[in-house]
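Each chain carries a letter (A, B and C) given by its place in the written order, and its residues are counted from 1.
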């Protein structure tokens, strides 16, 4: 992932070891999951397919990044050994949070959705978590079926290497809606957080005003989609009901955080009568409960605006967590992604300490 | 309707020049439009259950704080429905030299194309007869049945040449993003008449206002409208509206604006990555925005400190983007006059009137 | 002349203003057929050498965005459109995208497509030279007017008098 391949001992690091908060372990094909699926579901999938909602095909521009494809010819990020040899070790990854995509939350057949999520979780446990102690994982859920999702949380959460549950970017209702509260309740019970990962949702456009035409719309849009879900979680009072719960935003950018706080607070001054269950300013909930992954890295026009942006974050500077998005085409390189050289204390926070506090991880980075 | 107009009161000795880019007029009820509707629609409204468009307490729930500032409701009818009161409160008292009237009568909610076209025409004729003719300081956005682009174009052809119309009102929530090629006939007509496209808070298209469906609270709809604006802005550029019509101007009205720097950064970044599929976008999106788009300042959504506010303004990369607006009679949290008073004088003057004077060619 | 490792010397006119240019033999012409490329090391830099319809171009294998391995990227034609929907396609194989974020660069000039005035990747002069010439220049016994010999840190390349070679000029 770097311009010149040097042996780890030869590299001069300008940054600490880091926690990668968005690492995509991928299966080479769905057949990789078959060992973890009942035959009944294998037959079903081979006959009827997965049947996610259709519509909204914005083909991803490029294949996974060069340098992430194992020599076997299998898909990028499908072989833990190759990941260890070419990424975890040379890049000084202290921990990587597994965030597989396609964990089934949007599948219409809710029984299949539950079975598939369980299979992905079992695959994660057996082939990733057990392979290297640096991995942590996100519980895949049939999140549109909250009772079943809660059952899956209960099944898996005893394994403390699972640190959060994972939603795709546009669930069927805004994330703060009561429908999803049983999931949040179970998360709070088990000390799990909630990640919202961009994309992965179909059947709904990425805007609140119909279907845009181009992949670039789809790639700029996650900032809007995530903010809608942040607004929902805050305004519905999820954080008032579940004060230990954190919301982690992945692949949605993060520069928008401050202006969202300002707008939410202005709105609250005007309309607080409508939401008496909120006991604090909305921005206070954001500053305490929202974590933002850095990928795709923000690239302000002037580099000094990057530091200004972080200043405007106020307390949320402790909620910014580094992520690569390995192995996707626009993944961020841990050495090269930042547009400015951060002061050492900010580096330490963003590369390591903030995520360590969030996920209860030890080490110094 | 009373015609008396009180003498304007100056509250400060030196008053800055003000152009108000967003003042609202309300159609109290469909009857108000009868002088401008054809007979069959009058009969239908009188005798059926159809009484005009409804938008289910959006985008301004009638008794919510946002709907009407104290004292703005006339004796009869809703706030914004009385010419005399509006002239006094929106023009005379603040010393506004020009105001642009916006009417958010939910034409876009009507699925019957001919009802939408008839009511849009009626609103425009009503604006001409009962507002624009009453005060030289008034200008207006014309309305169109935007959900049917051909009919929208036809209405622009019909009245878009009236000197009082400087803009076409498009609700920010629509069935499709406004840049979509479906709307080509409408944009052709708008551009041919040299009208600004005023994309405005609200809309009743039938689809939900967020990518994840329908939120529970008005609070969310209000706060979340900024994201709809951002999506529309993205569409205008990715679809090449400004490449197809290089003279086209767009104003985002009641959108907020402090979200803009972050949006431009992300959008420019993605354009450098993904230019290939939108090859008509020949410059960075932020360049298009600075040239073709303006933003009204109410709601303000300002950061807590003046220094941060000045930094966000600097991040915009242009002092020509912001336009003063009161959004009379609606109420928001901030006081835009106080905002102006707190700015360096040159910038305050631009935002108060000069930017709008240039933009709307007053 | 027989096969032997060959390196070429400095240009004689190196000055304080202009860095010395070294000429590196990096490939035989056959090694980089039309549409092909070779990535080489020269003067401590990774450089991609491309053959477009028989013409050779050399670009730094380092994207000006974040330093990604630009020359390992894909080659495309050029998409242009005077107006939305009117897409033209030309210059097949001449647009290189960086595998890290897809930034497009014109192989011929190194200029980026998104901001051609400000963003470009370093490009280098490339020539094809016959083996006979190269071998003569490298012969320590041959007259070398103004040429300065080694020590060289160049990638070496075996040269014969027959055949043609791709030569890249790289500042020291």
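Everything that follows uses one rule, which is that a contact is a pair of C-beta atoms (placed from the backbone, for glycine too) under 8 Å apart; a residue touches a chain by one contact, two chains touch by 3 or more.
The shown structure was predicted, so the numbers you read here are calculated from the model rather than taken from an experiment.
Shared contact partners of subunit B and subunit C are A. Relative to the centroid of all protein Cα atoms, the closest per-chain Cα centroid is that of A.
The chain pair with more C-beta contacts between its two chains, of A-C and A-B, is A-B.
Averaging C-alpha coordinates per chain places the centre of subunit B 55 Å away from that of subunit C. Averaging Cα coordinates per chain places subunit A and subunit C 41 Å apart.
Rounded to whole angstrom, the centroid-to-centroid distance between subunit A and subunit B, based on C-alpha atoms, equals 36 Å. Shown for subunit A are the residues that touch two or more other chains, namely 61, 330. Along subunit B, residues 181, 239, 271, 273-274, 276-277 each make contact with two or more other chains. Touching of two or more other chains is recorded for residues 97, 101-102 of subunit C.
The touching residues of subunit B, counted against subunit C in their complex, run 181, 239-240, 243-244, 271-277, 279-280, 284.
The touching residues of subunit A, when paired with subunit B in their complex, are 61, 169-177, 201, 204-217, 219-221, 223-225, 227-229, 231-232, 235-236, 253, 255-256, 258-260, 262-264, 266-271, 273-275, 296, 298-301, 305, 308-309, 311-312, 330. Subunit B meets subunit A in the complex at residues 64-66, 172-181, 203, 205, 207-220, 222-224, 226-228, 230-232, 234-235, 238-239, 256, 258-259, 261-271, 273-274, 276-278, 286, 299-304, 308, 311-312, 315, 317, 331-334.
Only residues 46, 61-62, 66-69, 72-74, 97, 99-102 of subunit C touch subunit A when the two sit together in their complex. Residues 65, 76, 79-87, 97, 101-104, 112-115 of subunit C touch subunit B in their complex.
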